[in-house]
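The same chain A turns up in both complexes below, where it pairs with chain B and then with chain C.
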Partner chain A sequence: MTNQNISLVKVRNTLLVTMPADPDDVTVTTLQEEVLGAMEEYRPKGLVLDISAVETLDSFFARTITETSRMVTMMGGQTVIAGMRPSVAITATQLGLTMVGTFTALTVDRALDLLTHPHPRRRIR
Partner chain B sequence: MSDLARGNIPIKSENDIVAARRVVRDLATQLCFGVTDVTRVITAASELARNVFLYVGAGVMWWSILDQCGEVGLELTFEDHGAGIPDVEQAMTPGYSTSRGLGLGLPGVKRLMDEMEIHTEVGKGTTVRVRKWLRK
Partner chain C sequence: MATRSKLSGTAALEDIEGVGPQAFLASIVECSDDAIYGKTLDGAILSWNRGAERIYGYSAAEMVGRPVSVLVPPNKPDEVPAILERVKRGERVSHFETTRVRKDGEVIDLSLNVSPIRDASGQIIGASTTARDITEQKKMREALAERAKEILDVSTPVLQVWEGVVVAPFIGTLDTQRAQQFMERLLDKIVQTNSAVALLDVTGVPAIDTRTAQHLIETITSVRLLGAQAILTGVRPAIAQTLAHLGINLADVVTRSSLAAGLRVALDILNLKIITQEDQAKGAHSL
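The block that comes next holds the complex of A and B.
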């Protein structure tokens, strides 16, 4: 397979994770382990998951994101999903994905705002 | 209805799910589907390919480009020789799942595509056929 690197960068108090355009299942599973490991290592306050490059969000990927977000919450951090494309949002909703409990932001910039000033909350219920 | 082109790709591993997605992406893009429809078709293919891999372990995705009196469409057929679906009606109920999935596979896929047919026989296997027509 082509290399599908997840980029993990700590910016001040936030862990910024960027997903590749079309991640395979192994890459998606790796996301969970790498993110939780980095949470322990870098001790950020929050996690921004940038999915602006992602072209296909299927139920497996969505479930992994929702689960990871829940795990990060358990560890004491907060996750914001940033940059979902319109076509992905339409498809995810029609497919029936809800991603309950996750915070979302239009851009990484807004996600950082949300983590710095956590009101008003934008949690999908 | 005639086929302009057709082909297949085996689904035997998790990597084949990605391979199936790429084939579908290329086909849908070549047919000039809009960006949202491309995403819909790829996502539907991803769900159906994962079903084959998850429930049966091996199968095939057949693809063909359709031409029905000038109407162009993409047809994907997922075929496996697994245990079959005992209760198709139940499998089409939103929220129902027998695997570690989300239970929104088949009903969700139906909403993403224009047409969907399921042929299943217990002990022999399942064929799921979906179609998306190019909107002019």
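The block that comes next holds the complex of A and C.
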């Protein structure tokens, strides 16, 4: 079993979470727990989930992301998924894992911009 | 006096002066450009026409009596036995495309028709093969496929029209293969150019069916997942009508009737504005 580390950092009143390349189910579940714990501790205005290293996205991961995003919203924050790879985006679309309601950004940089200066037009439908 | 010959359709040949029906038919075989040869049910060559001499490079004297397997390339040892098995059962083998080896060693592409030869009592006594040289045809087919692939490569361009904006014009119809390639190209370009907006222009799409519409929706969704905004432009009345009839809901998608209108939306998203040089000279403040 490879050592799967989720990196969790507080940046500019935002939680920056970086996912490893091939997260297994345990890692994905840990993600949700750690995020909720950090939300409680820091009360950030948002969560940036960096998945730029992720090569495969299965339905469990997608579902957990959507759930976590909802939980963050309920706790008064906003979630942005950053850095999805083209191949992952295509597969996710074809599998119908569209994660409706979540914000997305091309890079972590953009995601932080989005959270600090929300532009009404930027709302991705 | 015209008498009905045993060979079907040759009654009229009786009338031709100096040529018996058999000889007439024989000369048709001889003059053919195709290779026509007869063989026993064991594959031994019985007859070999001029076309066969030309196509295979062996003379009739060289081939008669020899097994037809001398023509078969070493990687297909079971082909001739399989064909002969079918012929023995009374079957015909039609338009069978395969390769054979000429006397000079060159490998050629052929289309074979093999049929059973029957004697007067209807018993199968041999096989007759007509072989057409399709090397040229095959080359043309491959060239055509190459060209089709080139068109595919060329007709799905994704262009950066401004910093942060890419345009992907659809030309023609969208089949699954093109759609897949198009999606991959578009997403890669978005990442490469760090674009926030992608304009998908369908002005060049003459007809839109369910499958194309589905591909479009998928593309738009993928763009969103990546973190950019997709705008569908060039939606003409005909397409809007078809989509409405298909019950496809584009309520979640930003659409515009022209590429220019889409560009305006893109600039707005990027917080950009185009002003005349006059305005700029007058010192107009940007918002």
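Details
Simple rule for what comes next: the second predicted complex is superposed on the first by the 119 of 125 C-alpha atoms of A that agree within 3 Å, B and C clash if a C-alpha of one lies under 4 Å from a C-alpha of the other, contacts with A are read in each partner's own complex, and residues count from 1 in each chain.
The rule is short, and it goes like this: a contact is a pair of C-beta atoms (placed from the backbone, for glycine too) under 8 Å apart; a residue touches a chain by one contact, two chains touch by 3 or more.
These figures come from a predicted structure and were not determined experimentally.
Superimposing the complexes on chain A yields a three-chain arrangement in which chain B and chain C fit side by side.
In the superposed pair of complexes, A:Leu95 makes contact with chain B only, with no contact to chain C.
Once the two complexes are overlaid on the shared chain, A:Ala105 sits against chain C while remaining clear of chain B. With both structures placed on the common chain, the touch criterion links A:Asp24 to chain B but leaves chain C unconnected. An angle of 40 degrees, to the nearest 10, separates chain B from chain C at the C-alpha centre of chain A in the overlay. Look at A:Arg63: by the touch rule set out above, it reaches chain B but stays clear of chain C. By the document's definition of touching, both partners, chain B and chain C, reach A:Pro86.
Minimum Cα-Cα distance between chain B and chain C in the superposed model: 8 Å. Residues 85-88, 90, 92, 94 of chain A touch chain B in one complex and chain C in the other. Of all residues in chain C, only 180, 183-184, 187-188, 190-191, 194-196, 218, 221-229, 252-254, 268-269, 271 touch chain A in the complex they form.
Residue ranges of chain B in contact with chain A, taken from their complex: 14-15, 17-18, 21-22, 25, 35-36, 38-40, 42-43, 46-47, 50, 94, 101-102, 104-105, 107-109, 111-112. Across the complex, chain B is touched by residues 1, 22, 24-26, 55-60, 62-63, 85-88, 90-92, 94-97 of chain A.
Contact residues on chain A toward chain C in their complex (touch as defined above): 81-90, 92-94, 98-99, 104-107, 110-111, 119, 121-122, 124-125.
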